[in-house]
Amino acid sequence: MWTHFDEEGRPQMVDVSGKAPNLREAWAEGWVRVTVPILEALQGHTLKKGDPFPVAELAGIQGAKQTWSLIPLCHPLRLDQVEVRCELVPHRCSVRILSHSVATEATGVEMEALMAVSVAALTLYDMCKGLDKGMVLESIRLLRKTGGKSGTWSCDG
Amino acid sequence: MWTHFDEEGRPQMVDVSGKAPNLREAWAEGWVRVTVPILEALQGHTLKKGDPFPVAELAGIQGAKQTWSLIPLCHPLRLDQVEVRCELVPHRCSVRILSHSVATEATGVEMEALMAVSVAALTLYDMCKGLDKGMVLESIRLLRKTGGKSGTWSCDG
Amino acid sequence: MWTHFDEEGRPQMVDVSGKAPNLREAWAEGWVRVTVPILEALQGHTLKKGDPFPVAELAGIQGAKQTWSLIPLCHPLRLDQVEVRCELVPHRCSVRILSHSVATEATGVEMEALMAVSVAALTLYDMCKGLDKGMVLESIRLLRKTGGKSGTWSCDG
Amino acid sequence: MWTHFDEEGRPQMVDVSGKAPNLREAWAEGWVRVTVPILEALQGHTLKKGDPFPVAELAGIQGAKQTWSLIPLCHPLRLDQVEVRCELVPHRCSVRILSHSVATEATGVEMEALMAVSVAALTLYDMCKGLDKGMVLESIRLLRKTGGKSGTWSCDG
Amino acid sequence: MWTHFDEEGRPQMVDVSGKAPNLREAWAEGWVRVTVPILEALQGHTLKKGDPFPVAELAGIQGAKQTWSLIPLCHPLRLDQVEVRCELVPHRCSVRILSHSVATEATGVEMEALMAVSVAALTLYDMCKGLDKGMVLESIRLLRKTGGKSGTWSCDG
Amino acid sequence: MWTHFDEEGRPQMVDVSGKAPNLREAWAEGWVRVTVPILEALQGHTLKKGDPFPVAELAGIQGAKQTWSLIPLCHPLRLDQVEVRCELVPHRCSVRILSHSVATEATGVEMEALMAVSVAALTLYDMCKGLDKGMVLESIRLLRKTGGKSGTWSCDG
């Protein structure tokens, strides 16, 4: 169902005025595949001094709050919480980013969770690109969402 | 080189005050892997009525202009041009997104190109998620950049 | 009644803390009077390739979401829906723009509807100004609003 | 010439990377036609206490600075100056709004001048709508622009 | 209690999803200590022509509405009202700024009240800095807040 | 000299179109006076786990980039660098915040330096307010600025 186009094909926001607010949650993940020199720098860095992960996590939280202004047909909403977490996965030579967003609204928070992951990943890219520009953002996707008329959805695995 | 941390590990913007502006360009790409029903809907839709691609392309352009506010240590800059293009690649069951950003500045436009692709991809996700939430953003990466002291850089292939 | 000034003449937001949220709707319209060459280009363009109308409609939707940040004494609110529609009215050599905004809030959405029309009109101007700068925005006004203590209001005709 | 669409009809920003910055100026005007009670209130108000004109003028200045984020294909630029002026024109039962914008850039400031007038007009509407919602924004147009390859342009009269 | 860090020390937004909205109010104050020439200019100015106080008050109101985007771990919320008031206190050679913010939300509005005072103070600084740059912002603090689980809080005096 | 009002007392941006860009720098400082329990928590916290200082420093950098949108008559500009540093000063039971901003522009960066300090201070307040709301922002002021027609200025001490 093309919820974002009317019968004549014009873009539109979905009308949520008849829907009661309820608790909505969404979890998303993404990966930043790095080169070995960046991996080693990240391993050393988090132990010694300076740490790009809190910078990326904060940027992800702030990015989630801007979802409504960046995605044209998204609704403005009041987020109850956003969490973003970066973790190094050395055997995949990658950083894994996880996000969780919560709101009590008439519309879901999937886009907020995905935006949090994306902005955190881009922030990591920005901070590490002086070492090597060959990083790749991989597998940014929704893991799970709850609440709303359509209820719970989980990715396949 | 950790350009975004000072000697004590504090996050910082790179000082570009001594650098002369010159022409900077960057190209980035990314993929949205969709399900077969979405692929078919996109194929039919672009021919008949309504088209999510221009919506995503516009959102990508506008997102690129917000890069400095979303990525904490990015510099504000004046973009000379941003282009975003979505194209259906049926045999990969995916949409490919390409971006190109240009500025005459003392700092590069790689992040702007990557932001354009990411916001366009998330906008596509938003518009198609009523059909299926199992889409995945894949391989968002820099293809090439020119200008600046470090000159031209291209991805491996 | 000067709702936006206190007894000493200082600007203020209207206090809506005692008011219960209810369904608010507003409809607005405006016209962009174009020159004949632009009219002809728009007629040909919408049929052939490229179409400034969806760009303007999207910009109007996004502008409506920014009303609270642009109009100093407006309240931030959660829009349930915004629609914007451009249509060519050849015998008036004009584009007519209509908007509809909806929220379940303690404050009305008239300004959001008017902002949507204005930003859509300015976006059309921007896209057509390479052809001729002599376009004029005409008759931007509220058509109707419902909800709230003051109830329904309609323009004279 | 459709400067904002490429050969395939996709929306695009105009590439200004080859253009040298030079002094650009633009002047715009618009009218807010008010009802007699609002006219009388504005006449009394500006003399006694509280004055909606500075509020609208400031909002217009701030709106001009947001033009690049509101109009999808506009370039970000550094405004050297923006002026907005509201004046009561009693025999037309209207407020006239004039703006002037200046930048030393590779792209013009027409949209900034028009945005300043539009946001100032909407702000006036917002502050007076408690008295009567039947106001109409009329004849928002460019008066004159100078600078750039196309040089000086003036409206007909 | 470190409400803004999880057990591992990562920054986080406080989860307010289980909290019922109720009426929240906050009052804040701050001082801008000026030099004698600025004091005299302000005294003369407010009587004669032009007045920096409404400009600062408006900027404070608009700044309060941006609190959620400026303070990384603040929640977006719908403000019911914001008031800002500047007053000259000649015997302290200072401008006193008072703010009051109101919302019906699951989270408090202390930061909004403090942001309103801070942005108003900085705006005053900006407008008077042509006369003397030696102004100092002093004693920006919360005066009182009501509502929420923790109830009423008042500063010592 | 009231640079922000014209002869009739209307607020205006200063016209910088005739001024050549040159290197501008500004340094500002401010203090957050905390209670003893917060001081002890900050001392323990920075050693063990979680640290509010990088969060505040990042928020200050991002706030500086928004100066033009928050201060009504400020010019948009391209910052070459912003640095913000928080340090605990136990014998004053305070956090000292220092900022440094740099741009190559026709207008100064004093407001950007002061905004960086203010937003960093408010962010600290936000993160510590769960422990005690009685913190006070003290002595936010410009330390020094260089560049521009008026040259170097330093505070008295």
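For the reader, a short list of remarks on this structure follows.
Letters A, B, C, D, E and F mark the chains as written, and numbering starts fresh at 1 in each.
The rule we apply is simple: a residue touches a chain if its C-beta (ideal position, glycine included) is under 8 Å from a C-beta of that chain, and two chains touch if they have at least 3 such contacts.
Since the model is a prediction, treat every value here as computed from it, not as a measurement.
Both chain A and chain F are touched by B, E. Taking E-F and C-E together, the chain pair joined by more C-beta contacts is E-F. At the interface between chain B and chain F, two copies of one sequence, fewer than half of the residue numbers in use appear on both sides, so the contact is built from largely different positions.
Distance between Cα centroids is largest for the pairing of chain F with C.
Measuring from the averaged C-alpha position of chain C to that of chain D gives a distance of 15 Å.
If each chain is reduced to the centroid of its CA atoms, chain A and chain E end up 31 Å from each other. Centroids built from CA atoms put chain D at 37 Å from chain A. Touching two or more other chains at once are residues 10-11, 54-55, 58, 62, 66, 69, 72-73, 76-78 of chain A. Chain contacts in this assembly follow no simple pattern; the graph is neither a line, a ring, a star nor complete.
According to the touch criterion at the top of this document, the contacting chain pairs are A-B, A-C, A-E, A-F, B-C, B-D, B-F, C-D, C-E, D-E, D-F, E-F.
Listing the residues of chain E that touch chain D in their complex gives 54-55, 58, 62.
For chain F in complex with chain B, the touching residues are 23, 54, 57-58, 61-62, 65-66, 76-83, 85, 102-104. Within the complex formed with chain A, the residues of chain E that make contact are 6, 10-17, 68-69, 72-73, 75-78, 105-106. Within the complex, the chain B residues that touch chain A are 1-5, 8-11, 30, 41, 45, 48-52, 55, 58-59, 62-63, 66, 69-74, 110-111, 114-115, 118-119, 121-123, 125-127, 129-131, 133-142, 145, 153, 155-156.
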